[in-house]
Structures are given as C-alpha cells and as structure tokens.
Amino acid sequence: MSTELVLQYLVAGLTYGTIYAVVGVGFNIIYNATGIINFAQGEFVMLGGMTAVTLHGLVPLPLAIAGAVLVTMAVGALIEVTFIRWLQRPSVLRMVIITIGISIMIREGALVLWGESVRALPYFTGNEVSSLSLGGVHVSPQVLWSLAVCLVIVAFLRAFFQHTAVGRQMRACAANRDAAALCGVPTRNLVTLSFVLSAGIGALAGCVVSPITYTSYGIGAGLAIKGFTVAILGGLGNSTAAVAAGFIVGVLESLSVSLLPAAYKDAISVTILLAILFVRPSGIFGSAEVARLEAR
Amino acid sequence: MNRFMLSAAALALAASSQAGAQGKEPLRIGALLAVTGPASFLGAPEARTLEMLVEDLNAKGGVDGRRVELVLKDTGGNPEKAISFAKQLIEEDRVFAIIGPATSGETIAVKPIAEEAKTILLSCAAAEVIVNPVLPHVFKVAPKDSHAAEMIFRRMQKMGVKRIGMLSSNTGFGKAGKEQVEKLAPAHGIEIAVSEVYDKAATDLTAEVTKLKAASVQAILNWSIEPAQAIVIKNARQIGLAVPIFQSHGFANIQYAKAAGAAAEGVMFPASRVVVADALAATDRQKPVVTAYKKAYEARYKEDVSTFGGHAWDALGILVRAVKEAGLEREKVRSAIENMKGFVGTAGVFDFTPADHNGLAIDAFEMLTVRDGKFVVLGP
Amino acid sequence: MPASRLARIGLFAAAVVAVQLATQLAGKGFLLTQLTMSAYYTLVALGLSLLMGYAGQISLGHAAFFAIGGYATGLLTTVDLAARRGGGLVHALERAHVLVPRPDLYGGEALSVHPWAALAAALALAVAVAFAIGIPVLKLKGHYLAMATLGFGTIVTSVLLGTEALGAADGIGGVPPFPLAGGLAVGGGRTARIANYYVAWGLVALALLLLANLVESRVGRALRAIHGAEDAARAMGVDAGRYKLRTFVLSAALAAVGGVFLTHYNASIGPGEAGIMKSVRYVAIVAVGGMGSLWGTVATSAVLSFLSLRGTFGTLDDAVFGAVLVLVMLFSPEGILRLDGRAALAAIAGRLRRTEARP
C-alpha cells in the first residue's frame, strides 16, 4: 500500500475516532464524579444532533447548536435529579441497569417526538462533496471541524479540572466523596454538574458529527457501546487517555478494512479491547489506583 | 406523532368494524410491517399507505359492499415477533390474507406458517427466494433484484465499464442483491474487483471506499436500503473518487438524494416509475396510477412518496381486485391472483402465472439519475 | 428434597395446567403459542438469574449463548449432505443414525443431522465457548466485566451477520421439528400446540428443580458466600474462581437449550437473537424479577415475554421495558416480588420532604 493510501485510511480512522473519543470523554466525566457508568451517554449525542436540526429550522446554525447544547444539558440535569439522586450507594449492577433503562426511555421518547427518519445538520463549511487535499490525502472539512471541537473539549476539560475552583472540587469529589463532603464541597450539586457537563459535551459532539454520520433516534446505543469500549480501553476515569484510545480504535478499525472483510469491522475494536482487558484490566493507560485520583 | 395516529387509526378501524357488520362479512386483512426499528423506512411508509387506502376504500363503500378491516402489527423488524404475530393474525384475528412482511428475513420465517394455514401472503420484501420455488399461497409484489442488477449492468456495458467495486449492507436486502450481482456480472463481462459488506448502522464508510479507490475501479455499485446509501456516495466523492456511482432500487426515495446533497448528482439507479410520476409521458400505462398515489400520499402525510410505500399499494390493490373477481373464498381468490394479468400498480404492470408469483418483468424498472437534486429519467 | 420445595413445584405445575385449561375453556387456545415461546426465553432468564443473583456476575451478552445453541442446531439439522453419501464419514454417521434423511420444504429429501445429535453438539459448543470466555472474563470486576460480556455478545452478533454460511442477515430457516418420544415433536404446527406448551413449561420446571437444588447445596452456599464477600470466602478456602466459572457455564448451557428448542419451535433463527437489545431484555427481566429469585424470574419472564410477543405494547414495547426497568430499580431493587411498599413510600416521602440520605 502506498503511503498516500495508508494516510487516507488514517484520515478515515480519525473520523471514527473523533466520534468515539468524545463519547468516551463523556463517560469519564460522570464516572469521575460518581463512579457511575452512564449508558445513556450515547443518547446525549443523539439528542444534541436531533434538537439542533429541529432548531435549525427556526434560527441560524450557531444558535441552533448552542440551543441544542443547552437543551441537552437540561435533560442531563433532569435525569440526574429525577433518577440518580434517589440512589444510596447503589451497586455497579444496579447502576448499569438503571442507566440502560434510562437510555431506552430516551430513545423511545425521541422516536415518538421525531419519528424514524434520518436527519442531518448542514456542513459547517462546504458541502457534501467538498474536500481538502492535503498532500494527496483527501479530507472533508467537517472532519477537521470535528477534530477541532474534540481538541477544544479536551483543552477545556483540562483547564476546568486543573484551574477552576469548581473543577478542583469535582476532582475532590471523585477522589473521596465523604471526605469532600466533610470539607464542605457541595457534592450533590457537583454530581448534577457532572451530568450537565457530560450532556453538553455529548450534544456538541452530536452536532458537529451530524453532517457526517446523520442522526436518527436509534444511534445512541451503538455510540454508547463504542464510547464505553474506548473509555475502558483508556482506563476508566482518564479523559485524555479516552481520547487517545478513541483515535487508536478508530484507526485500527479503519486499517482493518484494508486487510479483512469490512463485515467484521465492528468486531475488531471489541476483540482488541477484550485482548487488552485480559492482560491489563485497567486499560492501556490506566492504573487501578491512579485512575480514581485523576479526573483529567 | 405518526405512530400514535397509526395505532389509533388501526384500533378505530377494527373497532368500528362492529358497527358496519350488517350485511356482508367484512374483508379482514392483516398487515405485518416493521413500522419501527431498523427497517422502519420500509415498514412505516407501507403502513401509512395501507391505512390511507383502507380509509379510502371504506369511504367509497368498501369492496363490493364489504367493509375493509385492517389489523396492523408492528414487528419492529424482528422475525420472532413476525412469527408470533403471523400466528395471531391467522388464528385469532382470522384474517383473510396477510400483507407484508417488509423485510426478506421476516418473510422467510413467516412463509411456512402462512402456507400451512392456507392464508394468502403478499410480501413486500425483495428476496427472490420468497417465490422461488413457488409456494401456492405466497406472493411477492416487490420487483426482482435480478432485474435491477440487469438494468445496471446493461448501463455499465453501454458506458464501457468493466471493473467495479461493490458495497452492500449486511441486511437481507443487501445480501440478496449481492448474490444477484455476483451471479450476473460475468455474463456482462464485468469484473467485481472488490466486494465489501458493511454494517447497516454504519456512520462513516471512508475506509471502505478507500479500499475501492485502491483497487482502481471504474465504477462503484452500492446495494443497500439504509441511510448508509447516502453516506457511501458522500465519502466516495470526499476522497476524490470521481467514478460513476450506481445504486440499487433501494435508493428510490428522494430523502436519500436530499441527504447526500451535492454528492447525489449523477448517481444512477433502477426504480419503479412512481418516483418520477410527473415526468412520465401521458401515454404511459402507469401514469394515472402513480400520479394519483403520489398526490394522495404526499397531501396526507407531507412526505415524499417512495417505492416502498408503493409495494403496499400494489399488494392491497391486487388483493382487492381478486376479491372483486372471486368473492370472499380463499382458494378462489388465490387462484384469481395467480392468474391475474395486467394489474397496473406502482411498481409496474403485474402479470402473474402459477409459476411466477411475482408478476413483474424487467420493464417495471426505469433507469433514473439525480439532476439538481431531483430524480429524472436517465436518457439513453 | 424438602417438602416445601416439592410443594412449590407442585403449585407451579398446577398453575401451568390451570393456564392451559383456562385458555381451552375460553376458546383462546392460540395464546399457547406465545406462552410456549415465553417458556424458552424463560430458560435463558433462569440461568442469568443464577449468574447475576447468586454469583453476582453481570452478563450483558447472554443472548449470544441462546444464539449459539439455536444456530448450532439450526445449521446441523438443515445441512444437506445427501450429495456426500458416498463418503466414508457420512456413510458411517448415517449408519449410526446421527445423520437421517428428512423431507425438505419443497418435496425433496435431504440428509441432515438428527436433532438429538444436534442438541448434544449445540450444548457442547455452548459449554466450550462459555469455558473459553469465562476463564479470562470472570477475572474482571464491575464495569470491566460488564464490558467484556458486552464485547462477547457484539463479536458473536458480528460473526453471525458477517458469515454467509450462517445465513448472514437472513438467518437459518426451514428447521425441522425436534422429535421427542412417541410421535411428539417440538415444532410450530397447530395440531401439537398443547403438547408443545407442556413440553416447554416442563423444561422450565426441570430447570427450576435443578437450580433450586443447586442453590440449596454446598455449591449454592459457596456462591452466596462469594457474592457477599469474595475475599472472605476465599480466605475460608472457597475456590471462588471455580464456582463462578461453573455457574457461568451452567447459565450458558441453559440459554443454549432455550435457543435450541425455540429454533425448532419457530423453524428458524436470525442474528437478531444474539444482539445487545435481547441481552438487555434478559437482564431487565432478571432485575425486575429479583436477581437470584428463581420464582420471581419465572413470573416476570412469563408475563413480560408473553405480553411483548402478543404485541400488547405495540410500538412502545421497548419503552415499556425501559420504564419498568427504571421504576423497579429505583423503588424495589430486590425485584418486583420483594416490593416493600412501605419502604418505597417512605423513600418517596423522604424525597418530597427534601430530607435526603447521604449523597
């Protein structure tokens, strides 16, 4: 294979990777604040895209996206307040099951609200056939937008968790909830904030990839699975690692198409994940103790 | 919103049947359609079409004075639900005939049940194995994949294309199409350099089209009915693959052309004439039928008509004509369908025979293309 | 066997018979179809209940074992080796009655594996896969375990969808009925409906007996010790790993049995049976019925599967599952049969009064 071809596969991989990375990051934010894996994370991405398309019929694109992010954040807060707050030290099993139930309800709600048809936002710049040629490798401008948004999100999260008071409080909350509460950290509100943040990020991601992948009521489940895979691969709780893992998985899937029948593409990332889990259960970059301490 | 309307309407239709029960026995028709779930872009338009037609029929006094009752079951595309509902329709609701299912997988599961119960089954699914070999009570109203492939290959030969890359989805539709394409390609001197299957829920196919580019194909053929159809052509153009793109008849819904935007320009595909109703010559046999269906459907549901919804129109129309001819007796109606000639439907003109329970010939298809975001007939 | 358990099984049998007679009296014999299908899904749920409730292991990929059983038997009983009759192995197998001729749907005659032999093969395969997967997977904990089982289910679905020989998206059809003794067979024909109903629920009763015995035995106590406090159990000399693995394999075998018989009953199986949505349903049923509560699981599975197969919820089928799941997990996490009304009301009252428990 020529370098050009390899690079083209890489670019394809980056497209998938961005999507996975952002969903994975969303998982980590909530996990760090609460220890919960929120299987409804994929639904936030779906809601962001769908709401933005609906709003776009009324207001210009940037406003539609902002509106969609806000609406999804509200939904995230609603979920936390209505369902999650009830629980007192739930077991992993119970939490997994509840968030799965919530994701099902959101999906069915979307079906009732929007029907089964497929929608997409318009490309931010250019259109469906525009592509930039960088040294023989073609890439759609929307992919570059997605990458940019992903990096901005990562940078924002870094800054938030390292340098703001609220961010540091959330990290304290993740490290030791009771101690943080004793120190006067408003842990309950921070849990809500983590859901809001996660929802907002998911929604933003949903908007920026919507022109590429299309949005419909059912895309949440598949995204959640991929995002979960990526979050575990990077080591639960480590957001930067999740992003890296997302790109790794994306590129591996893309390269696998060049060698194996594309029919098995979805099985590739999972097989890799299982292989890694059996050898290193805390993920590529994770370390069991350190993972809980860092909320990057 | 549509979903509730649909169930409410179906319930109302069933309930109100009690009122109109004087005189002749009503014609009770069962429908097994994937209104929700992964095959909903097939089942939902089909369900809406049936609902619309049944209301119309009843408003005009029913079929020979018989009220038409529609019992609609949403299988969600699940074969086990299709099996369960089929048995329900046959034994509990005692339907006269069943329209559907919408997908090949479900039809294959339900076929033996309908046959054992001697209930007429008019499937809207595409696979050839549904009517080949022929089962007496099983019929198919969707056009043949082999005809679609044939139309595409003829065009390719005309354009001098010899080496193609094929992409198909991992659904029954994609699989059946792939089989036909692989079977017919050699006879037309066409080599399939690369053949890849992708997941129906795929959101980006850049890697797959890159593989096609690497194989230096002269044309791309994509066979699927999911939104992935639009994604494929976008990705192909984005990586600079400028070769002609062919799609299957699954592309025959303008929303895919809209979704793919500029990438859809010049895409070629075979389709039934219902999607170019306005452009048909006044002398075309199908013109009155497809124009009427298009107008009624679009006015009522505010969405573009598609060939899928048309299958339901054809199925119901064939059944109604047979009942008018033969009365409400199963074996007579079955025989009437089997020998029906010249039924002008949305998918084409049907000529059934005991050996051909599909009734559509290759002229049911027209080769279309996309120009300025609209479907137009592809000239010679 | 203690008298109380005998009594409960007796009650269960009586209930099964009562339901059948009721449908007969009401002239609604067709309901038995959905009840029979529910019974086979209940087998999966029972195994999962043991795994989740007693061994405390979550499995988000259990539908894959159901599919492995179903596909194995589907493939073996529909394969046609008539063309290879001359070959030594085929000939020997035919002499041993492992391969038998059967009429196919279109009037010809095919040479396929005898359903009993196919059942044995399906079970062997499911057990082998469960061992192979179980050994590494059960070393994981919490979310990692959930992910691994999810991943397993995804791989199986991918393989089923991507392989032509397994029918890819169409699955396998034309599966012949499964012959039991004396002319009775598991199959979807209308005439054998009542018999099939009893066979299916009879299997459930057998499974219940087996599992109930297990739970009361040394193995069961070991499992509960592991579930409660694994490290303590290990310290007491309980080989946690071995017990967890065996439970996993047993639950996989039960799922495979369900898959085998439902495939023969429906005469077909498709790749949808292996999917994540199905696995989630089984988990939902077990959670709602009460993890580890075998009776709760049977009741919940019977009711929910039945209603779903009847289409009672129409297009809102998944929504109902989701809602029931969330509500039960919030208000009655021990399962719906152990619903503690007072506790639930107290929780709601506490919430409304904004006196929340610790965060």
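Should a chain be cited, it is by its letter among A, B and C, assigned in written order, with residues numbered from 1 in that chain.
Keep this in mind: a residue touches a chain if its C-beta (ideal position, glycine included) is under 8 Å from a C-beta of that chain, and two chains touch if they have at least 3 such contacts.
All values derive from a computational prediction rather than experimental measurement.
Set against the C-alpha centre of subunit A, every other chain centre is closer than that of B. A count of contacting C-beta pairs for A-B and for B-C identifies A-B as the more extensively joined pair. As a whole-number value, the distance joining the C-alpha centres of subunit A and subunit C reads 33 Å. Distance between chain centres (mean CA atoms), subunit B to subunit C: 35 Å.
Residues of subunit C in contact with two or more other chains: 161-162, 315. For subunit A, residues touching at least two other chains, in rising order: 111, 261, 263, 266. Among the residues of subunit B, those in touch with two or more other chains are 3, 36, 170, 197, 199. Touching subunit A in their complex are the following residues of subunit C: 52, 56, 58, 60, 136-137, 139-144, 146-148, 150-152, 154-155, 158-159, 161-162, 276-277, 280, 283-284, 287, 291, 315-316, 318-319, 321-326, 329-330, 333, 347, 351, 356-359. Subunit A contributes residues 1, 5, 8-9, 11-13, 15-16, 19, 111-112, 115-118, 120, 127-131, 133, 138-140, 209, 212-214, 216, 218-219, 222, 253-255, 257-258, 261-263, 265-266 to its touches with subunit B in the complex. Here subunit C touches subunit B in the complex through residues 28, 30, 33-34, 37, 105-106, 161-162, 164, 168-171, 173-174, 188-190, 262, 266-268, 270, 272-273, 308-311, 314-315, 317, going by the rule given at the top. Contacts from subunit B toward subunit A in the complex involve residues 1-4, 36, 38, 40-41, 44, 170, 196-199, 201, 203-204, 206-208, 210-211, 213-214, 227, 230-231, 234, 237-240, 255, 259-264, 303.
Residues 37, 83, 85-88, 90, 92-94, 96-98, 100-105, 107-109, 111, 177-178, 181, 187-188, 191, 221, 225, 228-229, 232, 236, 261, 263-264, 266-267, 270-271, 273-274, 277-278, 281 of subunit A are the ones that touch subunit C when the two sit in their complex.
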